[in-house]
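This is the structure, below, for whatever I ask next.
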Amino acid sequence: MAGNSLKKYNRIYVALLILFIVSVLGPEIADIFGMEGLSRMALILPTAFGIAIVKAYMVAAHFMHLKTEKIYAPYILLVSLALMVVFFFGVKIDIMASEGHNWEKPYKEPTESSASHHGDHSESHDDDH
Amino acid sequence: MAEVATADVSHDDHHHEHEQTFWSKYVFSTDHKIIGFQYLFTGIAMAIIGGYFAYVFRMQLAFPGSSVPFFGIVSPSAYNSLVTNHGTIMIFWVAMPVLIAAMGNFLIPLMIGCDDMVFPRVNRLSYQIFLLSAIVLIASFFVPGGGFGGAWTAYPPLSALAKYNATPFGAPMWLIAVALEIVAFLLGGINFITTAMNARAKGMRMYDIPIVVWMIVIASMLFMASVGPLVAGAVMLLFDQTLGTTFFDASAGGDPVLWQHLFWFFGHPEVYVVLLPAMGIVAEVMCTFARKKLFGYKLILYATVGLGILSFFVWAHHQFISGVDPRAAYLFTTTTLLISIPVAIMLFAYIATLYGGSIQFTTAMLFALSFLAEFLIGGVTGIWLGSSGTDIYLHDTYFVLAHFHYTFFPIAIIGTFTAIYYWYPKMFGRMMNETWGKIHFWGTIIAFNGIFLPLFFLGAAGQHRRIYNYQNFPDLAGDNMQDLRVFATISLVIMLLFQIPFVINFIVSLKRGKKAGKNPWKANTLEWVAPSPPPHGNFPDGMPEVYRGPYEFAHPDREDDYWPQNEPGNQKPANK
Amino acid sequence: MLEKLLPAASTYAKDIDGLFDLITYLVGFWFILAMGVFFYLVFRYRRKPSEKAQYITGETHKQKLAIEVPHYLILLCDIAILVLTFIVWHHVKIEKPPAEDEVRIVGQQWAWTFYHSGADGLLGTDDDIAKVNELHVKKDTVYHYKLESRDVMHSFSVPVFRLKQDTIPGRIIEGWFEPNKTGEWDIQCAEMCGVAHGIMAARIFIETEEEHAAWIAANSPNSADTSMIAKNETVLETQAQEDRSNG
Amino acid sequence: MAHQIIATSRSATGIPTGRLAVWWVVASEIFIFGGLIAAYLLNRFLHGSWAQEAAVTNTFIGGINTFWLLTSSWFVVIAHHYSEQRDAKKTRQFLWLTILLGGFFMGFKFVEYYKEISHGMTLFTNNFWSFYYTATGLHGFHVLCGMVIMAIIAEGDIKNERNWHRVENIGIYWHFVDIVWIFLFPLLYIAK
């Protein structure tokens, strides 16, 4: 029994490492193939954030023992996350927009970033966001 | 097992009593009751400061420009600072410490039948941080530039930059004080929740927990869940204030409205954070003095949970006209009006509890009943404000001010008095004087209505808040309106004077009051099983076991009209 | 009801007053009912030596009805209020009737600057009239306003219009009003904006067409009296620029 | 203090009191980090130009730091495994290994900060960098707190073979800090 759990931890760790490497490689591959715009998003979103969620789930479920914990604990954490989602979507209409119904923000994006040597992607990304 | 452990505790206690100095017994104690008293008395001291502020600015409004006795001439910046800190103190340093921390600390372990909070030292730390926060806040009044004067909501950019608010030290200190207070209550809240979840007496099931414990625990959860974003926001605002970042600076791409969202996401649940413990206290007192079982225990509990969940979906109703997208108002008006449903269920259940009772008008009961009546006024006036259409006109007027004082005054002041008059015998082992209590009650309640009823009319006539002299506004300078302001101020002074009998009663009863005995009100809950005042460890005769719900008054199977929770019986009625 | 306390001088003021009245009647009914029941119960069930309290759990279906029925009725009242609220809100804040004139309103610590469109009815032209703490509008004309702030949040509040809208630095907020009564009233700042928030008072002058035309004629930049206004405006502009460069 | 509090030893939910409290601590931390990350995301989606800023962050150091934290999570769960077997020596060993990796994390963090600040990317450069330093700084503060508490547990409790449950409690906290980093890493480093 005891040895099993140790083996399980090792397996989870290896899986985490593999996922980690994939998540770092995603944007690199996008850079190498010169992907822009939508296809770049299609690659980066799942590799970066999809994998982050999977990793977080694995750590939470196995290392934090949420799988075997009494039902209270996962509920506490899930409710917390759900409320943050409520907050995000309640605020989105104001903060995540530069104009809305009967209002606008005159603020202009700086055309050049503070680090000028990386300024080439700018135009395409403005549209994506 | 429990018996053995208890014997140990009482033995230990006797052993220690000789050695305990004043410091270790009353200042650095880990005993939940002592910490509760510390919170209570700190809260009362802060209430005196907050009340003094209210007196000063009400005098300024009634007699603009003249020197206020015990203060002097009120300058515009002093007025702003007084108003801001009156609000902050009354919410963060009076309502919260007294209702949640003091009552939670004192009541939760006694009511669920255990000897202390689960983390006594964390509990002590929580009070110490709270005390530090109070000291920082009070110190902020005396720094160059004076105390912060940008309203308790602290909207940036006014709060973010000294060139706008003219309080280079007051504003950051105010923010640090609030942040420390939040940390103190997070620590305390985790302690309350864990204690109530885990440390219940043997036999106490979910629905055997007294409603006030439920309410304090749910309030702590609401607080914890709502305050997190504000902590993040406070860090951001503090960086803006002190280091010069631009999180909330529109000219650098930040957004000042973000702070409003972060603040009100906390600010609205905060109302329920302080409301719920007061509702719980009132429920206890009403059941005891009406000799009635609480009407629909589960209904009230579910309504409370529903209220808690809904309270996270209404925050932007404070921002209808503050520049958020007008389309959001449809959603937030709907949720706001829906929240009237759980509140109405709770109030109706409370009123229904009176039906068929045998009501004793003790001072505590009078305060509890007045809570219902006054809070009802506060509750219904919220509909005008929650409806976005009328809020266009009423927002930030005295109508709002009167509305939330009709909710917060019953919560923070009446709720506190209810609790003190009811649990005083348990806290200090002696009874308070009922005659003086009733004088205090009538003086407070009548004067309170005298303060705030006129303000509804001033608000409906278009008078805005936070303005130090209405003589600058020709439409508001009329004699009729000034008469109402003077009337409100005189009522305030009368109300403050009527607190003197309470203070004297409180102090005199400590020494001269009638001995209370274990259970002077013939109530059911577990705290009345312990001696008055309870010793360190609470239950020297062995930890109690629970056999029934907390409100088995006037049970048909029993001669006495009460049935303590810990008394063994051959059946477990109701609340399955 | 509100009109007894303060005159209504805009077209949508009566809608808001109507909504206020509806809420007053619905809420008043429930309030009086609840208070009546409450005081009756308190009086009826006061302690009498002969009577023992009744044992009522409030858990049976019949007893729960005592709470459920009123709560459905309250829900109905809520829906009635909601429907009217949506109509009023849509009318005041969402939908804008076509503009007949424009005004640009700029808040700063601690004054309002009103840029009237002048004789041509258009903003941003040479004949704009900038006035500090004075807003002159023509009766029965639909105005569109643009709200801006130079420093902190302010709130443009005209109680007689039943209108209020915060100004936010970094945002331009638009809205409308149509005055329908001549007179002179207060404009207040309704959002804490710093030390002198309490004296950030302005006046609104609602004039008939002739009076308004006369006022425009007297104040147009072409007329003799302009030097002071122009100077006034430059002062404000430089101050704003300083603020921007500081921030 | 002198006597054991009965309340602490009770467990009506079935979760030991200490662990239950840690779950609530984690919940309250979710709200704090959640608020900050939500604020960041709202700005990030609004400001297209932030993608260029994110491209400047050092993905290599960020990646190495992710590796340290993942590995330290693994070590602390092994420490928990040995604490359940009451093996004080191995438990301490793995706790200290965890602290060591936390130290590596902080060390690399400082190198990274140093490089960025020397390239002119400070807290005040623009709001992206303000968020970057606030979020990573707050996270680093949590790592530091975790390291200190872990050292106290290793030297105070485990050395004297008591309070074994504290290894699991600090472990839960540490995993949470790890999870926060798992999300901060793509948010600040690799999404560009």
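Each chain gets a letter, A, B, C and D, in the order it is written, and its residues are counted from 1.
Throughout what follows, a residue touches a chain if its C-beta (ideal position, glycine included) is under 8 Å from a C-beta of that chain, and two chains touch if they have at least 3 such contacts.
Just so you know, these numbers come straight off a predicted model, no measurement behind them.
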Completion exercise
Any chain touching chain B and chain C at once appears in the list A
Completion exercise
Taking each chain's centre as the mean of its CA atoms, the one lying farthest from the centre of chain C is chain D
Fill in the blank from the handout: Note: chain D sits from chain C at a C-alpha centroid distance in Å of 48
Practice task
Round to the nearest whole Å and give the separation of the Cα centres of chain A and chain C.
Solution key: 42
Practice task
Could you put a whole-Å number on the gap between the CA centroids of chain A and chain B?
Solution key: 39
Completion exercise
Whole-Å distance, C-alpha centre of chain B to that of chain D, is 34
Handout entry: Where chain D touches two or more other chains at once, by residue number
Key = 13, 15, 20, 24, 27, 30-31, 34-35, 38-39, 42-43, 47, 126
Practice task
Pull out every residue in chain A that's touching 2 or more other chains.
Solution key: 72, 79-80, 83-84, 87, 91, 95, 97, 101-103, 105, 107, 109
Practice task
Could you check chain C for residues that touch two or more other chains and list them?
Solution key: 93-94, 170-171, 173
Practice task
Sort out which chains touch which and give me every pair.
Solution key: A-B, A-C, A-D, B-C, B-D
Handout entry: chain A to chain B touching residues, read off their complex
Key = 72, 79-80, 83-84, 86-87, 90-91, 93-95, 97, 100-103, 105, 107, 109
Handout entry: Footprint of chain A on chain B - complex, ascending
Key = 197, 225, 229, 250-251, 253, 255, 257-258, 261, 265, 312-313, 315-316, 323-328
Exercise for the section: Show which residues of chain D lie in contact with chain B when the two form their complex. Expected result: 1-8, 10-13, 15, 17, 20-21, 24-25, 27-36, 38-39, 42-43, 47, 123-124, 126-127, 130-131, 134, 138
Exercise for the section: Name, in rising order, each residue of chain B that touches chain D in their complex. Expected result: 2, 5-6, 8-9, 12-13, 16, 30, 109, 114-121, 186, 190-191, 193-195, 197-200, 204, 224-233, 235-236, 239, 243-247, 252-255, 258, 262, 537, 543
Exercise for the section: Using the touch definition up top, name the residues of chain C that touch chain B in the complex. Expected result: 1-2, 5-6, 15-16, 19-20, 23-24, 27, 30-31, 34-35, 37-38, 41-42, 45-48, 51-59, 63-64, 66-67, 70-71, 74-75, 78, 81-82, 84-89, 92-94, 109, 151-153, 155, 157, 159-160, 162-171, 173, 185-186, 188-199, 201, 203, 244, 246-247
